[in-house]
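By letter and in written order, the chains are A, B, C and D; residue numbering begins at 1 in each of them.
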Amino acid sequence: MKTIKNNGVKIAVIGGGSSYTPELMDGFIKRHKELPIREIVLVDIEEGKEKLKIVAEMSQRMWDSSPCQTEVRSTLHREEALLNADFVITQLRVGQLDARIKDERIPQSHGLLGQETNGAGGIFKALRTIPVILNLIVDMKKLCPNAWLINFTNPSGMITEAILRYGNWEKVIGLCNVPISAMVKESRILGHTPDELNYLFGGLNHFHWHRVYDKNGQEVTDKMIDNIYNKEFGIVKNIHDVPFFMEHLKAIGMIPCPYHRYYYRQEEMLQFATEDYETIGTRAEQVKQTETELFELYQDVNLTEKPEQLSKRGGAHYSDAACEAITSLYRDKKTYMVVSTKNKGALPDLPPDCAVEVSSYISASGPLPIAFGALSPAERGWLQLMKNMELCVCEAAISGDYGMLMQAFALNPLIPFGERAREVIDELLIAHKKYLPQFSATISALENRK
Amino acid sequence: MKTIKNNGVKIAVIGGGSSYTPELMDGFIKRHKELPIREIVLVDIEEGKEKLKIVAEMSQRMWDSSPCQTEVRSTLHREEALLNADFVITQLRVGQLDARIKDERIPQSHGLLGQETNGAGGIFKALRTIPVILNLIVDMKKLCPNAWLINFTNPSGMITEAILRYGNWEKVIGLCNVPISAMVKESRILGHTPDELNYLFGGLNHFHWHRVYDKNGQEVTDKMIDNIYNKEFGIVKNIHDVPFFMEHLKAIGMIPCPYHRYYYRQEEMLQFATEDYETIGTRAEQVKQTETELFELYQDVNLTEKPEQLSKRGGAHYSDAACEAITSLYRDKKTYMVVSTKNKGALPDLPPDCAVEVSSYISASGPLPIAFGALSPAERGWLQLMKNMELCVCEAAISGDYGMLMQAFALNPLIPFGERAREVIDELLIAHKKYLPQFSATISALENRK
Amino acid sequence: MKTIKNNGVKIAVIGGGSSYTPELMDGFIKRHKELPIREIVLVDIEEGKEKLKIVAEMSQRMWDSSPCQTEVRSTLHREEALLNADFVITQLRVGQLDARIKDERIPQSHGLLGQETNGAGGIFKALRTIPVILNLIVDMKKLCPNAWLINFTNPSGMITEAILRYGNWEKVIGLCNVPISAMVKESRILGHTPDELNYLFGGLNHFHWHRVYDKNGQEVTDKMIDNIYNKEFGIVKNIHDVPFFMEHLKAIGMIPCPYHRYYYRQEEMLQFATEDYETIGTRAEQVKQTETELFELYQDVNLTEKPEQLSKRGGAHYSDAACEAITSLYRDKKTYMVVSTKNKGALPDLPPDCAVEVSSYISASGPLPIAFGALSPAERGWLQLMKNMELCVCEAAISGDYGMLMQAFALNPLIPFGERAREVIDELLIAHKKYLPQFSATISALENRK
Amino acid sequence: MKTIKNNGVKIAVIGGGSSYTPELMDGFIKRHKELPIREIVLVDIEEGKEKLKIVAEMSQRMWDSSPCQTEVRSTLHREEALLNADFVITQLRVGQLDARIKDERIPQSHGLLGQETNGAGGIFKALRTIPVILNLIVDMKKLCPNAWLINFTNPSGMITEAILRYGNWEKVIGLCNVPISAMVKESRILGHTPDELNYLFGGLNHFHWHRVYDKNGQEVTDKMIDNIYNKEFGIVKNIHDVPFFMEHLKAIGMIPCPYHRYYYRQEEMLQFATEDYETIGTRAEQVKQTETELFELYQDVNLTEKPEQLSKRGGAHYSDAACEAITSLYRDKKTYMVVSTKNKGALPDLPPDCAVEVSSYISASGPLPIAFGALSPAERGWLQLMKNMELCVCEAAISGDYGMLMQAFALNPLIPFGERAREVIDELLIAHKKYLPQFSATISALENRK
């Protein structure tokens, strides 16, 4: 066990004013015997000051009604939070939900998919976030060089890629609740608890496949596929339930992640997104509503545990993922988790030094990725396509090169490239001007052209 | 020089009744001093009997008015043509132009691109052709085991892939007139003859990029890109002249092939194809008209050279490619050509044993591919995607597996996958029933479902 | 947990008459609560009949004095043992210790290293063993197609390679006691129990390196290297204690396995082997003596547990490895073990489909290899050299091709290739004639030449 | 054709005082119609002043008796020679022949092979030369950034590797006369001129294999191997004529280069070298004698062409290689040559960015390497071993790290690693102290230890 100064670890939460934070507190409180926390510092930016205060107070109440004496502090000064932190959690959202709304609405206004982590929206979220995260890394190198960065800021895979490749920072784990949700729901489909089946995941964040095995060592992936078509399938809340084509899944021989629907049922998913856009609003708009409700609840000084409504927010299992990862790092628990980490060969169809999302055991020295083996042509094609698309996005996020951004858009399978896509690029650049300093010259030129 | 029995080589032309054949004759006659031909046997199937007769007579007239005593024979028995052949040229079209019309019209009727070698149409052309070509290889192994197969049946890259991978036949060269056309036209753009510039091509058939160098060894690719935007660019006849985005090309740093328009200007190309489909008819329908005219001309017993109108057919430089490849093989000329051949590492981003289209020197023992080097992320992503898509098509063509065909469709960047794409698959399967015996069980099931 | 017919698993031990068998029994008895064994069938060949009887009786006595009712049977009919077996353990020795003596003495008589798993001796052990093991696989496919093969017949890495590559049998785990010994001894060096440190192994059987981490996640490999030079280092019993050069280890940055001495201190190791050869005899000769003593002990009807002297035999931790692997497969325990298994990318410097020896978690569906990552040039060079040498040995073992055997010898770093090496090849071929039917034509020619 | 200022190119020869220089002049004079040379500047260091003067005067006499007005100048100031040079030829020898004598004698005095480019000697030649060449590159970047560097300083492969990897200079061609000698002699073996056969080379400098094809495209490698054993084989002068084992070559299926004898007949080659060492002296000592004779001849003011005796020097075809490479670069001749250049995938078993020696066509923009394809396990093993050994040498040459030097020695197949090898390292370090500033700290420590 780690020797911790002053009896316990220090955790910094970047974007601490998020409505998710109570989930996180809940997860930590559950694990308090394994993971002694000295203090949690929630950081946010000026614009989020109000929410930060509400969340910090709510969080402190949660701890106060627990058996622990953990202190929750809030600050607008990131350096204060980072100094000597043992773990840094990033759940920030550059430009907040309003930026996400633009990521969703601008593509949709042109008839293209507007989604948080896929297509045009996902690319622009990465463009805004990568510079901020790399800047955080610069600070961490100074203030907490031994800390682990636990990222669940989306698009988590590209963020992890940028941290490894451009930040030269190895102590990062990218998290997502998709794999854990799949394991919980699919186990139920076969009448098992998650512990009674083994799952092997390989791919990228929001773009992985998995195989399932029973406790006799038999692969039951095919059986699971059959059952999926008889029962309710384990999709995440914010993805419409369009089934995959059965023959397609049989040919793949693995179970795709729910986000694969955007690719394997591209047209139907676009159609649903368009309907929402035209009627109830995009996902971010719905989330914003949920958030407002949550923050109202959080202000109730009698509320000392996470409210039921939080589960509507779509991040179920998030706290489990983050808190368990931290506990496993701290205790060298070798917990089985599916995380974004350095490939190291786990997916031999990709270079060993890129970020992948694979089944891993989390040791004190970080994730131990399980070698997944070579893929068949179709999945290899998808995997190599998506990773290279991600690399173009990262390169564009660093360089601010308009041509490289076009490369990313053209390569993205959800974007039929041409004049319309170009207009979407240009509109998004202008809309997010404030958060894209690396593109300032291009944006000025675009604005002048008008 | 090759020792040839009876003073000269024997050439078998599979699909000899094609309207292209006189181009081929013209190319051979031009090279008669380098390449002594004893006999040319044109083969075709029963349905093409009439055309075969016309073309054979026209061809014989061309030779008769040359200084050579080459005999042109025609036959419906492939074995007769293959026996002891030195070179076998494949320019067959399974299902003839009518099948191509279906490849074009059925996808377009659903709003998807209908094109001969790209998208749904290209996939189905491969499904029909691969079994026929592999059957030809079986015959060649018996009847002319030392012959070279010169393929320009489309989709030339996938055909070459199937011959190498499933036919286990190494003596194949896949040809295309796209690279030679680009070199001719681009040289003109910089005010040069093709000999005054060097071109390095790398990629797949109808999906390659190239770099250009002047005689001082300076790379002038960037200069060429600039000039392309000032002048008429070297596109092939059957592709609408939608310009690439300048910034996109600058980021690529190489010049794409004209067919890249389908990917880099996906929407506009679809729009143009749709307009044609709704007005003047698809390309195959236009070609059919041109062919009728050509065959009328060919029947003129006074015509002894290829008519001017043939150039409208769109295969300019085809004869040059085929005749020069054969002459170079025969004479060990080391002619510089861009051909589909075994990778051997020329494109290190793909496995060494797959088919690629790269700059090569044609020696007596076959193409010597020039190592092109590793690509940047974006092009690497495209290349790996397309090659893996091709591998899925080949696998589906061999196995007749419906799921694998879905994999190919889903991975194909020109097909937004979903219910609509599935309907296109099903309609094409039924429409081409006669030529897709490997899918007979699936097709029966589809027909019964209706 | 696996459902076992008749309340417990059936274990077949090929080469059951080995003096090691009581170790194995001891290991199983220790684990009887986790692993219920119905019956153990010891198989051996006619020549080993006597020993088999002694060992079987000794083994039954061990079980009889345990709380279990496990039956130990012995047979000369392998089929009987394999039928419906759940686990098959191979600890056979083709040609028994006399063959090993030849593997050791013939090279030494020419001044080359004679060793069981390295150099000329290791190559010939593989040549004799691979055909026998592949024959066993043929039987297993018929008689126990769901069984796992637990191999600790040496050279374990090449045997595993042959089983995967030529046997097309995936359910195999190659075991060795070297990693476990290293972990036990090195932990002591740093004043820890093995559980208090993490070890990551990567390489091939008898040719791997490892890194060490403490429970705070800090890599302590370098510290371990420093300490090795101050204290007794964890070498296996049958390797002379020649220290690695400190600067060499520092440059490697990982800890080599004890067998690396043959390569990193090639000359000194040869010198020690030569001294032994000229004085006390080779290792096999010493083992033979130990074995005679052991078999005398085993005949004592009062002996009901493994005798102290067995530890001299050099296979400490062997039973632990085998019994734990089986228990972990049976119980899906995810025990951390270092095993020979399919690479799947764990070592990205080798093809994904070859056998490697890497840290793994043993699940019910087999080893989950941990991705080790790319190596630095020197270790990459060694690894690629050794694996390719192994592939040549496997190919020679299958084909009986003399030239391929020369390739293996020439590539082997412990054999200075030339006339002397060729004589060693020829003498070993003739000496092992009985066990090398694949080389019979070559051997006849050699004999006639004399 | 290149536009050259002042009617012709400028050539700088680093190490211009070499006895080889008249060969070079001879080669240029022969090509004067294709390659107009304005001036040739021979550079050497203070110690070589006298020889430089002799060679420069001899060279000028050669040109004066030619139809050209080329001026030969000599200087001790490298900058003067480099300024605006079009081609830079490096034929320098750091430490001159005396250093080579040490490279040969010190290992031999310990019973190890002492050879210029292989084993310990080759490693130390690289250690001395790489820093000097990288320093030259620094100057070239300033003084002649468009020039091509034509290197035939040994070990040519490692020098090219260092230039590409650490010099970040792409315009380099590494030359060697071994391939051309093989082609000349082997063609004769089959009763052909070199033009009547095609050769495909793949591998590293002094470590390549080749295949042979006739003008009918048939591979005749096997036939060539058979004939080699009937007739005199094309070995280079300074390698003893120990034949390869026939069965070994048959298994390889390619023809190794003469230097492969050091590996494939390791013991016999060592024995011959030892005999020479003990009797007539090492190769450098013999060369020194030849050189003395040559310089005496060169002083004859009546001598206006290269003397017969120069061929004894062992560099036959050297001038051909260098002059033809330069002419081909200048005229974009696409001459077929075997050169050390960037891999780019030509050997897919090595990374695309390392230096290899392969068949290439030399264009104005540099070598176009022919993709050689994947190798079989044995050759793949050798190739990967040797390239990684070279990478260790380069790394040691840059860093001066003693442990990395041990890595190179240990991995080198001609060095049985251990105490003796370590002594050889230490003696060579001390002996070459003057030329190994990067190792100064280590050398001081070694000297103090004594």
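What we mean here is this: contacts are C-beta pairs under 8 Å (C-beta built on N, C-alpha and C of every residue); 3 or more make two chains touch, one makes a residue touch a chain.
Owing to the predicted nature of the structure, the values given are computational and were not obtained by experimental measurement.
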Labels of chains that are neighbours to chain A and to chain B: none
Most widely separated chain from chain A, with each centre as the mean of CA atoms: D
For chain C paired with chain D, centre-to-centre distance based on mean C-alpha positions, whole Å: 45
For chain A paired with chain D, centre-to-centre distance based on mean C-alpha positions, whole Å: 54
Interface hub residues of chain D, defined as touching at least two other chains: none
Chain contact graph, described as a line, ring, star, complete graph or other shape: ring
Listing of all chain pairs that touch each other, if any do: A-B, A-C, B-D, C-D
Complex interface listing, chain B residues touching chain A: 245, 247-252, 263-270, 377-378, 380-382, 384-385, 387-389, 391-392, 395, 401-404, 406-408, 410-411, 413, 416-422
Chain D residues touching chain B - in the complex, by the definition given at the top: 1-3, 198, 200, 213-219, 329, 332, 334, 336, 342-348, 352-353, 358-359, 361, 363-366, 368-374
